[in-house]
């Protein structure tokens, strides 16, 4: 691979993953907070569903999104199959349950006393969610890190719905598959290293943030 | 901060070590392995056709292209071979590029591939011996039924591809360095065209996926006959029969193989009377015509 | 209108009734001490009034209309909630500065920034901890944290102040400050105070009226002086004299 191509692939990976995780955060964090704070009828079912979806096989997600977006599928008119947008849609489906589930755990891990304190101080439902999210931020950030790691290293779904098209939908993971299949193990391994380095950097930033939090907390 | 830095460097170090450990055995882990299904073993009622007793439980690795596996050809041939010889064949079906790499690294005993240039290189570099032609199949240029580039009445593949490029009609290339991909590239260079631009889509995937993509994008593509016939898509065969669209398969023994005898047995089976007959008949039932044309000869 | 009233209150866990109050009425501006053995239902009473627990039946009137508590949603309860301040036995400080903790209730009520600054300063002065405004609240000592929790509840100027054994785990120094602060606040603002305590001398010092809660019921209700000097029921006599096994 040309150096320029490598950068292009890395850049697209980062773009797709970042956009997916950001949208996933917008959907997953409020959902998780709500589930962590309130009880309602059918909550068990919803929670069971989210926990199941946290382990969704990416390939399954890929197939479903593929069928939806296919020219012959219900959303075929949008012409989204084999575009970065399709990859983002599949990634959102993958990361949102993770973000919701881990946010829920983080919120639940916070003692009930915080909820009661905020309620006693007169928090509206929305203010309550914001307060608890802020309080549980450490746990939520690790959820974001987990989601980011999963999204950027995912290959099954993005291969199916993105199509690994050169200069268009080729990301690091699909490029690795291609390099390996064509016998360029070295190139595949190098890209794999870049992938690991990015995951590592990203997690280090997050961990640094969390550690910082904890240190401040102990001062 | 000091703690964080120590932790970071520790992680980085262990990461590097881990990778070093992984990189030493990269090839088999990514390949798909197929051990012949139970029906491969001979029925108990039949007398065993007396294979050499030492050959029982013998295994050899055949590295081949996805087309032979996906089309079902190997399922038709290998059980018969095992019945005759008692040798189990483990199939690793990958792209031609990787198949040849497997041979170079001594991770397979026999290659069954279709990229004449790469095969010859493999032999001249001293990695392979006993190279035979086995069979050939056809390539088609397929595309949407309305044929936007108007290649239906064109005879030669070269001219058809030129017209596609001229009209900038969408064309999906496999772009995965496979035999089919190399064939496509050779036609482009024959036509003295460097395919570039948004109309030229490099999928980097297998034939099936590439056909699927061509169907979705209403694009043209170059496909082997077997894969095309095994898929039901809204694509039509637009160009066929041109000499440059013939696709010869070769079978080559890996020189560093530790099981040269068994490997040779497999080669003899594929190029021998029974193997050739099976190849010729394969696909007739399902598609009404054979998918591969047997033409064994030593190179 | 000028009082806090609880009617037909019943709280059950499973089929065990832990609290049953037919009617209780608390006057505006009066300081009530609530005493009784552990597990008698004192905390439950305060938590139900503070809308932290839903009763099986019951209604609440807080200087206004009567509200049925059984069907009260979170949002519908908000206007009631915002009339009350609550301090629990253990303070839970949010992981933020002392200033942010104390100002939280005012920010929930969307007060002007300048007003918030002024009120928080005032509240911190009241609990004598204004020098800690920028410190992180989760690093405070137990006594400091409880005083901040009090400031956090007082800064919103509640009409009803609910205190659930707030000094139970404090040292004498912090207890004396805490008592001084609520007394001052009570005197200055005409707030109704309900304070649970196990410290009988404390109830004697602070409360104007005392309630004795036992086995889920309000057994005795009298002016503090009469409550301690002339307890009517035998249970209370046993409790006050320390003979009751709690």
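Which chain is which? They are A, B and C, in the order written, and residues in each are numbered from 1.
Assume contacts are C-beta pairs under 8 Å (C-beta built on N, C-alpha and C of every residue); 3 or more make two chains touch, one makes a residue touch a chain.
Only a predicted model underlies this, so the values are computations on that prediction, with no experimental measurement involved.
Distance from per-chain Cα centroids to the pooled protein Cα centroid is smallest for A.
Ranked by distance of CA centroids from subunit A, the top chain is C. In whole angstrom, the spacing between the mean C-alpha positions of subunit A and subunit C is 44.
Note on chain placement: the centre of subunit A and the centre of subunit B lie 36 Å apart, centres being C-alpha means. The centroid of the Cα atoms in subunit B and the matching centroid in subunit C are 79 Å apart.
The touching residues of subunit B, when paired with subunit A in their complex, are 3-4, 8, 11-12, 15, 19, 23, 26-27, 30, 94-95, 97-98, 100-101, 175-178, 201-205, 209, 213, 215-218. Residue ranges on subunit A touching subunit C, taken from their complex, read 111, 113-114, 116-125, 127, 131, 134-135, 213, 216-219. On the subunit A side of its complex with subunit B, the touching residues are 70-71, 81-82, 159, 163-168, 170, 174-175, 177-178, 180-185, 188-189, 192-193, 196, 200, 204, 207-208, 211.
Those residues of subunit C that touch subunit A in the shared complex are 50-52, 74-75, 78, 81-82, 84-86, 88, 90, 92, 94-96, 104-105, 108-109, 136, 138-139, 152-153, 156.
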